[in-house]
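Listed next: structures, encoded as structure tokens.
First chain A sits with chain B, and in the next complex the same chain sits with chain C.
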Partner chain A sequence: MRRISLRSLALPGALVAAIVLLAIAAPLLPLPDPVRQDVANRLARPSLMHWLGQDEYGRDVLSRIVWGARVSLSVAFAAALMAAAVGTLAGILGGYFRGMVELVTVRVAEVVLCFPPLLLALLVVTLMGPGAGTLVFSLAILFAPGFARVAYAETLSARALDYVTAQEALGARTGRILFRTLLPNIAPPLIVQFSLTVASAMVLESGLSFLGLGVVPPSPSWGLMIRGARASMEQAPLLLFWPCLALTGTVLVLNLFCDRLRDVLDPRGKAAGRPGFLRRLVALPPAAARPASVTPGLLAMEGLTLEVPSPAGPVQVVRDVSFQLAPGETLAIVGESGSGKTLTGLAVMGLLPAAVRPTAGRILFTGRDGQVVDLLRLPEPEMRRLRGRDLAMIFQDPSSSLNPLVRIGTQVAESLRAHGTTRGTRERVVALLRQVGLPDPERAADAYPHEVSGGQRQRVMIAAAIANHPRLLLADEPTTALDVTVQAQILALLAELKRAEGAMGMVFITHNLAVVNKIADRVLVMYAGEVVEEGPVAEIFAAPRHPYTRALIASMPEGDAERLTAIPGAVPQPWAMPVGCRFAPRCDAAAEACHATAPVLEDVSPGRRARCLRWKEMA
Partner chain B sequence: MNGAGEPLVRGEGLTRAFKRRGSLFRRGAPVMALRGVDITVHRGEAVGVVGESGCGKSTLGRVLLRLMPPTDGRVLFEGQDLAQQPAARLRMLRRRMQMVFQDPYGSLDPRRTVGAQIADGMEIHGLAEGHTARDRVAALLRQVGLDPDHARRLPHEFSGGQRQRIAVARALATEPDFIVADEPVSALDVSIQAQVVNLLADLRAELGLALLFISHDLHVVRHLCDRLVVMYLGRVMEEGPARDIFLAPAHPYTRALLAATPSLSHGGGQGAPLAGEVPSIANPPSGCVFRTRCPMAQPECGAEVPPLRPMPGMSGRQIACRRAEELAP
Partner chain C sequence: MLAFAARRLAVSLGLVWVVASLVFLVIHLIPGDPAELLLSQGGIAPDPAAVEDLRERLGLNQPLWTQYVAYMGGLLQGDFGLSLQDEHPIGEEIALRLPRTLELVGAAGVISLLFGLPLGVLAALRAGGMLDRALSAWAGLALSIPVFVVGTLTVLVLAQELRLVSAGGYVPLARDPARHLALLLMPAGTIAVGLGAVVFRVTRTAVLEVLERDHVRAAQARGVAPRTIIRRHVVRNALTPVVTVVALHLGSLLGGTVLVEFVFNWPGLSGYLVRAVEARDYPEVMGIVLVISALFVLLNFLVDLLYAVIDPRVRHG
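After this line comes the complex of A and B, so read on.
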């Protein structure tokens, strides 16, 4: 990841270096004197002696552009650096100390922002007289508040983070926290700000010089060149073109360079991907014709395999997952993070993240009309019709899955309207909110999400999900973010809904075995992208046949044992899967064969399957 | 261990108010996250603080480490009032009290290597530098069950469980006597939770650390702690030996909390789940803060705040309930 991004820096880096070198090396280059006039040849076209022609005084244009770059670049960089140093310091101090410090740093800087930039520059230049030094100073004043704002906002959000508190807890001095912990972490937006500032400083320098307030003629500067060329625009339009090209080109190269630099400095890399509707267009191999004997029930997943691209080729994150769900049944998918349980759920909803690509399998779903469709190959418009009506989903974090700016009732009504209900929505919404146990549903419908508690928000999410009597409800860790007493209430509510909506099937994704015990009929245990065990909840808990299930049950912090039973190690990364059984490296029952042969999912007893070479010995 | 001399850490009448932004015409009433909490942690003792969100357990941890000052009350570390210490002296004391945070993703600086972050504490307090520091980092990584070579990597190359081990190593680097662990395993998978809990238990036994273990999961606390403090809306509801509280929870809230925690043996939610939700901390009920959800509440419960008092018939147990006598076994 890191190497790739470094390479991405090469081209803009080389361009910036070329521009800077050219400016520095100007005195060494065999260029004509940029201020020597040759009035006889004024406005001459490009020639062998003067590659870009001569200007209104017969001076060499190429030479003036290269020499002008020295002035423009040094003024712009000096101003931007000064502004960055002053502004960042002000912002970081204001953001960290708040109170009085904030008042004298950030708020004062904001006053500067209130002046029109050109007017302010005019004021400074008038007071101090024109010249490059004045120019740097006035530009720095102009741009410092921008840095202060950015640094201030970033500091505010960063100082609340635990790693800053951790430094405090370690006993670090304030200076150390500010400059070793905060500064590097708020740097990326500042770098972007810097590139923008250099660019605007160059433009403004040109503008001020153009107005006669910046660089004093005859010193070459791009702004002065534009100014000079304007007068003879009609005779020699190219004269206007060259300095403008130099200006835009340099600004664009700088922007590109700073953008790439920011990406390289971010150790976590950046997110990539296309919007959702494009994702479904990926070619999937056509599914084999369905054998007539198979009845899909409500949902039948067959051999689902999902891949993500990686530098070393695609890696499988979910492999050959199959299960069936009957109407009215609740299936729990259990696994640790990295087990592929959430991706399996998202595949059903057709909401896979951009990078994830299904490569095999199918997801057969029996719709309201009794027709069986393959959700994996369904075109997006039809998928959209199913989503929210036949298929509904509840997410883990109720605070981020509700729109904070829209009233609760409106959000629940949206799911009704999206599927054709137009009349009586208000009554229906209130009825739904009552059904999910929201106290005072009329008032709650008019409330905003932040006005109700986390548990209530999850109830709202459930109300929106069941609004159209879905045939399948997918719940992805719906109680993980809630307090235990509230979790108990939500689980009771879901159980109650299952009774009320008799035919609704539910897939409940969780990492908590104890919750499974309470809500599900059957359980599917996943490990490292594979199903390792499946069967009725009571049977699996009483007699797990896979060592992973057994270890997972044992690691629950219950019972009187002095010490918890931990599973050693961690889930293997998808690109470093063991050759044999994926659980073998952590398994206390692993034999030699386990490390060599990948076990297949075998039928243990009717309705029970396990993926273990030694399942017979596990009884 | 109890009662043997001066406790390592003692909080007396700790109260912490947060200012709330009011509207244009009304001043916001302060939110009382902590109300008159007394707590002691002896050398080598593990105290569990349990409660749901908004009960003030995290605030308590931070106040005890003086990462935020209490609005009222005081914190004594080996009998020295932290508020009275000059800044330099407080920084020195910080070497001896450390913190492990809940979110293993937020508590490590994403831009600095793991080794540099573990070495921070040693550097700040001048405990080791150069070679010695590197060796010590390697030893610490080994101690928390990681490969010493990992010191050169950045945090994002590690899983949640591994990061939490790194955070523990960072806290151990200054050889503290007291560690506040604020929900250190809540963000981790069950199997990894057990690893981290066992690691903390081992370190405690090995190094004689005193531990304040903050959690919302009663089961996790039970395995690690000698004593338990159950909090609700900024107040202590019940306190006592962890094992006793588990075997016979006395306060109605402790009972409800224990019953609501799902478990494999009883499937969770024995009996009806507790009605309603935790009231807003900004507007707590009068009298006993738990009375709005308490199955045993009487009108009198709203009259005055029940003080924390010894539970009749149970040694070492304290309970804040008017009807303590009726709850006794």
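After this line comes the complex of A and C, so read on.
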């Protein structure tokens, strides 16, 4: 990644270097004197002697452009250097010492930022009179606060870091800490700021010169050249064109250089992009035959495999996951973070992140009309008709899953409106909010999400999910983000809804086995993207056949657990999967063979499966 | 909402007072006598008697706090003092020119939003695609052309070569609405080239960020149509940073239309400021800077109100 960015820096970097070199070498080049007038040949067309022609005083245009680069660049660089020195010092001191120092450095800088920049420059010019010196000084005042702000913010975050506190503890002198330790570490954003400043300074310098308040004639400056050429625009329009081109081209190259430099030095701000938002990437071609021959119950997932791209090629994050769900049944999918349980749920909804692609499998779903469809191959418009009607989902964090800017009632009503309800929506919304146990549902409908508690927000999400009596409700860790007491209430609500909606199937995704015990009929244990055990809840709890399930149960405290912490080690990363059993490195029952052979999912007893070479010994 | 607005207004008025005091102090406390500076030309020392006369006229001989009270008292009655050049009341000139500048800045803002916002949303929704890359490249170019270059080239092409419009100027709306609009569109469009690119970039980044948020996925899970999701759950949430940036730019345009007003001969406040700077007319410069700064503060006040309109959390916070 870094290498690619560096290469992208090469072209704009070379162009910037070329412009700077040209400006430096101006006195050595065989150019005519840029200020020597030749009034007899004023506005002369391009000739062998004067490649770009002569201006309104007969001066050589090419020479003035090259020399103008020298003036513009030196003013811009000098101003940027001054601003960088003053601003960075103020920012570092303010960020490191805080208190009074912060007040007189950073806060004062922010006052300067309150003035429109050109206005401030004009004010300085009023006080000091035009000229290159004034120009550098006023531009430095303008741009120093920018540096101060960047340096201040970076210092604030860097001063708490270990290597700084370590130096303080070692008794290093403050000056040493500031300039030997802190400064190099906050340099990258400052370098970006510097190149940005050079570009802005050039624009402002040329603007002020254009107004006649910057560089003083007859010194060549691009702004002055444009000013001069305006008068003779009718006779010699090209005279206007050359300095405009030089100025715009230089600023463009500098800006391009800044953008690339920022990507290399400061990659945090780089936006990733999500191209698949509107078009679901149906990665699988439609199946040859309609899958109606199977009787899938409500939902039958067959061999779902999901891949994400990585530098070393595609990586499987979910492999060969299969399960079935009957109407009215509740299946719990259990696993640690990274087990692939959430992706499995999102695959059912057709809401996988753009980077994740299904590569194999089927997700057969029986709709309201009894038709069986493969959700993995359903075109997006048809999929959308199912979402929120036949298929509904509740997410982990109700605070971020509700749009903070839209009233609660409107968001619940969306479920209804998206699927054809046009009349009596308001009454339905209030009834739904009452059904999920919101106090004062009339008022709650008009409230914004931030006006109700976290538990109530999850109730709102549930109300929106059950609005159209879905056949399948997916709940992805619906209680994880809530307080323990509220968790119990939400679980009770879900259990109650299940009773009320007899035929609704539910897939309950969680890492919390204690919850599973309360709500599910069957449980599917996932580990590192694979199903490792499946069976009825009571049987699994009584006699787990997989060491991982056994460890999960053992790590379950008497009360409600927040996290499963007792199993040593962590889930292996998708690109570094063990050759044999994926759980073997963390398994206390692992034998020699476990590290060599990957176990298959075997039928253990009717309705029970396990993926372990030694499942017989686990009984 | 009302309490919120009242609180913000109080803070804003306080800020205007601070700015007015600051402008007063900067002019009076910097080394060098304004009267002497004003009268000295080309390094020739001015006549001491003339300097003394001018000091007397400007009230510079009185103690600083007396001058301060007098100045502030004048401001409260809308009295900005008299121009040094022609003894014309500064307040009147500002009242004449300010609406023209506001009209120009407002028109530029509207044009920028009209094309920057939809294009930004479009580019974000097709991030990485051909359209996105083409639009982003255009924005990079538009941001690199200094505004006076755009203006000068516009005059060159539209007025000189094609002779579609006159090279600039100003006609009051009441006298000839069509011509007024044509003359307004050139400078406003010139500003909008860069400003629109800014709006485009901010919108694109903000929309991309909002698209990643959970509530968008939750809305998808409800089966909401993409069009509704974009309008209600994406663009609305992306508006806050756009408003911030546009307001910031409009604010700096209040004093920054100098170049465009110069190129198109638009008789706004900026031209007045340049003239005042060239003549070193201190009372004029002070008055204009003060008005622009006060407008800047007012703009920030309006932006705060706008935040509250967009985001209910701000209203109640």
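Just so it is clear, the second predicted complex is superposed on the first by the 402 of 619 C-alpha atoms of A that agree within 3 Å, B and C clash if a C-alpha of one lies under 4 Å from a C-alpha of the other, contacts with A are read in each partner's own complex, and residues count from 1 in each chain.
Just so we're on the same page, a contact is a pair of C-beta atoms (placed from the backbone, for glycine too) under 8 Å apart; a residue touches a chain by one contact, two chains touch by 3 or more.
The structure displayed is predicted, hence computed values, not measured ones.
Q: Go through the superposed model and pick first if A:S206 touches only chain B, second if only chain C, both, or neither.
A: In the superposition, A:S206 contacts chain C only.
Q: Could you look at A:V406 and tell me whether it touches chain B, chain C, both or neither (first, second, both, neither)?
A: A:V406 sits against chain C, while chain B stays out of touch.
Q: Quick one: is A:L139 in contact with chain B, with chain C, with both, or with neither? Answer first, second, both or neither.
A: So A:L139 meets neither chain B nor chain C here.
Q: Would you check which partner chain A:R385 touches, where first means chain B only, second means chain C only, and both and neither mean what they say?
A: So A:R385 only meets chain C here.
Q: Would you sort A:L73 into first (chain B), second (chain C), both or neither based on which partner it touches?
A: Neither: A:L73 stays clear of chain B and chain C.
Q: Under the stated touch criterion, which partner chain does A:V308 make contact with: chain B (first), chain C (second), both, or neither?
A: It touches nothing on chain B or chain C.
Q: Please work out whether A:P237 is in contact with chain B alone, chain C alone, both, or neither, and reply first, second, both or neither.
A: After superposing on A, A:P237 lies in contact with chain C but is clear of chain B.
Q: Examine A:D259 and indicate which partner it touches, taking first as chain B and second as chain C; both and neither are also allowed.
A: second
Q: Can you list the residues of chain A that touch chain B in one structure and chain C in the other?
A: Shared contact residues on chain A (touching chain B in one complex, chain C in the other): none at all.
Q: Could you list, by residue number, the parts of chain B that touch chain A in their complex?
A: Against chain A, chain B makes touches at 52-53, 62, 65, 67, 90-95, 97-99, 101-103, 106-112, 120-121, 124-125, 154, 156, 159-162, 167, 170, 174, 189-195, 197-198, 201, 216-217, 219-220, 222-223, 256-257, 260-265, 267-269, 273-274, 277-278, 280, 293.
Q: Which positions of chain A touch chain C when the two form their complex?
A: 111, 114-119, 122-123, 125-127, 199, 203, 206-207, 210-211, 213, 223, 226, 230, 233-234, 237, 240, 244, 247-248, 251-252, 254-256, 259, 271-275, 277-278, 349, 351, 384-389, 392-393, 395, 397, 400-406, 410-411, 414-415, 418-419, 448, 450-451, 461, 464-465
Q: Which bits of chain A are touching chain B when the two form their complex?
A: For chain A paired with chain B, touching residues are 161-163, 165-173, 176, 181, 184-185, 267-268, 336-338, 453-456, 483-489, 491-492, 511-515, 517-518, 541, 551-553, 555-558, 561-568, 570-571.
Q: Can you list the chain C residues touching chain A in their complex?
A: Against chain A, chain C makes touches at 19, 22, 26, 30, 32, 124-129, 140-141, 143-149, 152-153, 155-156, 160-161, 204-205, 208-209, 211-215, 217-226, 228, 232-233, 236-237, 251-256, 258-259, 262, 273-274, 276-278, 280, 282, 285, 289, 292-293, 296, 310-313, 316.
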